[in-house]
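Shared chain: chain A. Partners: chain B in the first complex, chain C in the second.
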Partner chain A sequence: MNKLKAQYKRILSDYIQSQNESNLYIGQNFIKQLIQKNLTPEDVIDIHKQAIEEIYNDLPESMLHAYDFLIEVMVHFGLMFKEHQSLLIKQEEIRIEMDVAAKIQNLLLETTIPNPKDLDIGMVSVPIRKLNGDYVHFMHNQNYFSVAVTDVVGKGVPAALCMSMVKYGLDTLEYARSNPSYVLEVLNNIIEKSVDDSMFVSLFYGRFDLENNIFTWSSAGHEPALYYNSTEQTFYDLETKGLLLGILQEVKYNQHDIKLNDNDFLILMTDGVTDFREMEEFDSRGYIKDLALSISHLTAQEMCEVIYEKLQELLNFNIEDDFTIVVIKK
Partner chain B sequence: MDSKSTVEIITELDIVAARRLGRDKAREIGFNKVDQARITTAISELAKNIFLYAHVGKIVIEKIEVNEKTGIGITAIDRGPGIQEVRKVLEDRYRTPDSVGAGLPAVKRLVDSINIQSKIGLGTKIKVVKWLNQG
Partner chain C sequence: MNVSVQFRKNDNTLQGFVEGELDTYTAPMLREELDSIQLFEGMSIELDLSNVRYMDSTGLGVFVAFYKKVMKQKANLKLVALSSRLARLFEITGLSELMEIESVKKV
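Take a look at the complex of A and B:
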């Protein structure tokens, strides 16, 4: 400490004499040493005060009082600074934990896109934060292919925890041939029972009968899917009035059938794809329809990627929600 | 050993009285200006908490000498509502941007040891010690 004081005094008196830029440079470098030694602002001011006292032995009393005042108030300043530092360390710990959580979530919710005959399936799902509140679940056997697109209302850790439960709910339903309305009814009861009241899940469930080309779907408050009928050259919204999952017990859901023909396609998505806070007036569904049509010669995966890229550009890379899109082409 | 000095905390003015007494005592014991400021800040936070949460109580200040070591001990005692979660109040909090209080985490930083005893409904006793020529 005494050595530091002497050094500081020398640097300070050099500066007072010549006012060189190099003195200032040396001074700033010296301060870095003090920071490394963990000195607080009030320590630094005290060192300064003592140096000044020694350089000018005729310093008026009042000046010294002024320094004491500064020391006193800087104690607080230093405390705030220390607290800030400790919060930064905590924040870093949390960040590391979140990374681990994200890795675990990726393992838990890992989806492989199936490859049923006569269908081409693509998907893009990008979380806005580390943990994803959207989830896509596929099932596939010889006769049926089924897909669930889900979105937990909310983001981050709570949404992610809830999502794991939805996944296991879907897994236990096991059979790709389950009726979509039945799947929603079972999941609704699970979620209503086990998650707190502020947590809701929207879900679109579709099952494709590979033999008869019938797509049966049901929705619990989910963003309507788009269905392109190539014979009529028209888009339809696949929409029902189904309640979000987790609000009430024993909710009944309706299901509907459509027959898919060659060159028809479906776009399933979460509201992150269509709700843009910055552009409320924007007809995002209209935009997606036009875009999808113009790229419908691409593979389903390419279509998803192009739509994601174009929307990202449109929003200046500021997508504000988990973003999930699934394209199914017949 | 020096006798203890006590300040009853009843009004906000008593916080200033406790500060003054603490600073004088710290100077007497031989703490430098910077440490005097730290000790006073710690007393101030403890007294303010008594004033705010327990309404009345006292601050006891004493010189401590053990095994060649000299220091100052400050004890804040009240029969207020007690502290719910002692461990939590010593952790740094996420502050709202306009909060500039220092609080108990700051007291902990300013001294060498802190001991909190608190019983819900019965009161709180917080003792801090700061040694001379250390930290």
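Take a look at the complex of A and C:
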């Protein structure tokens, strides 16, 4: 240490005598040695203080106090700096983990749109953050086609974890022929047991009997679906007062039947499609009905895309929630 | 953005006036406020939501969690003066069948 101090003093004196590049360069290179000896910035200031004291015998007392003050400040600065660095590292780790989680979620919850006989199905689902709180699950066999549209309360990681649970719940009930009310009752019990009190899921479940053209549906606190009856040229809200999933045990759900005829269509959606914070008075469902009717000659997929585009324009490309819409055309 | 609750005590009823917008960011604040209430058996809590200008499903979650907590303590909870927008949220989620809810009276 004394050797270092002596070296520093010599370099400093040289520089004070002649402020040229080469003296400065020697000082800058000296840092390597300091780092090797594990010296902190405040140690360097201390060495500097001692060197100055020796070079100028008549240094005023106040100047030495000023150095002591700087040393104390630098000690604290060093601590804060380390803490800040470690937070940045942690933040980066979390970001990487989130990216991995998003990739896993996309893989797990990947939805392929089925193509059952006599039905045309389209879907758009856009998450607001990396992880999607909405999920659409399709099942399809020879006799039945079924669809679940779900929305988990909350966003980000907790919602994504909960969503995986819903997906596996639906997968275990794999028989597309299961009654919608039964599906909701089973899922409700699974979610109620495993999730905390402020978390819940809304779910619309529909099953279409491909032979008899009967659409049977049930809803657990979900945004009502729209059903367009082409014979009557009227829209109906598929609304029940079924409770959200995950709130109470042993909830019973009702289910209802609709006979779908040619040119009828259904629009299933999450509240991201209808609930706009900045537009309190806007009748979003009315808007979607009019729009859907005006584009009902398009394919189901095109209808979803047009509705998404138009709503985006309406909201100045500032949709604030996960957005999911499914169109089923007979 | 902020949310606040002003409490007023009336015999056995605790009135809370909630004000602000309830979303992912403010919901934890409301949760904290509601969790600070000392619950006891038979107590009645009435939350006035007339000054809640916006609420999303995270806000709904806070009320559900609080409702469950109140029920466990055998106390009563009532939500009053809901705007039609808020009332609709409680209706489509089936919560209006479960919880005691009063919308703004229409004149």
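Operating definition for what follows: the second predicted complex is superposed on the first by the 237 of 330 C-alpha atoms of A that agree within 3 Å, B and C clash if a C-alpha of one lies under 4 Å from a C-alpha of the other, contacts with A are read in each partner's own complex, and residues count from 1 in each chain.
Methods note: contacts are C-beta pairs under 8 Å (C-beta built on N, C-alpha and C of every residue); 3 or more make two chains touch, one makes a residue touch a chain.
The structure presented is a predicted model; accordingly, all values stated were derived computationally and were not measured.
Peer 1: For A:46, select first, second, both or neither according to whether it touches chain B, chain C, the two together, or no partner.
Peer 2: first
Peer 1: A:87 in the overlay: touching chain B, chain C, both, or neither? Say first, second, both or neither.
Peer 2: Once the two structures are laid over each other on A, A:87 reaches chain B alone.
Peer 1: Quick check for you: in the superposed arrangement, does A:134 touch first (chain B), second (chain C), both or neither?
Peer 2: After superposition on chain A, A:134 lies in contact with neither partner.
Peer 1: Quick one: name whichever of chain B and chain C touches more residues of chain A.
Peer 2: The partner that reaches more residues of chain A in the superposed model: C.
Peer 1: Once the shared chain is lined up, is A:68 touching chain B (first), chain C (second), both, or neither of them?
Peer 2: first
Peer 1: Using the touch definition from the top, say if A:305 reaches chain B (first), chain C (second), both or neither.
Peer 2: After superposing on A, A:305 lies clear of both chain B and chain C.
Peer 1: Check the residue A:76 against both partner chains and state whether it touches chain B (first), chain C (second), both, or neither.
Peer 2: A:76 sits against chain B, while chain C stays out of touch.
Peer 1: Please report the chain A residues shared by its interface with chain B and its interface with chain C.
Peer 2: In chain A, nothing is touched by chain B and also by chain C.
Peer 1: With touch defined as at the start, can you tell me which chain A residues reach chain B in the complex?
Peer 2: Checking each residue of chain A against chain B gives 42-43, 46, 68, 71-72, 75-76, 79-80, 82-83, 86-87, 90.
Peer 1: What does chain A use to touch chain C in their complex?
Peer 2: That would be residues 151, 153-155, 196-200, 202, 220-224, 239-244, 247-248, 271, 275, 277, 280, 321 of chain A.
Peer 1: Would you pull the chain B residues touching chain A in the complex into a rising list?
Peer 2: By the definition above, chain B touches chain A via 32-34, 37-38, 40-41, 92, 94-95, 100, 102, 105-106, 109-110.
Peer 1: Mind listing the chain C positions that touch chain A in their complex?
Peer 2: 23-24, 31, 54, 56-58, 60-62, 64-65, 68-69, 85, 91-98
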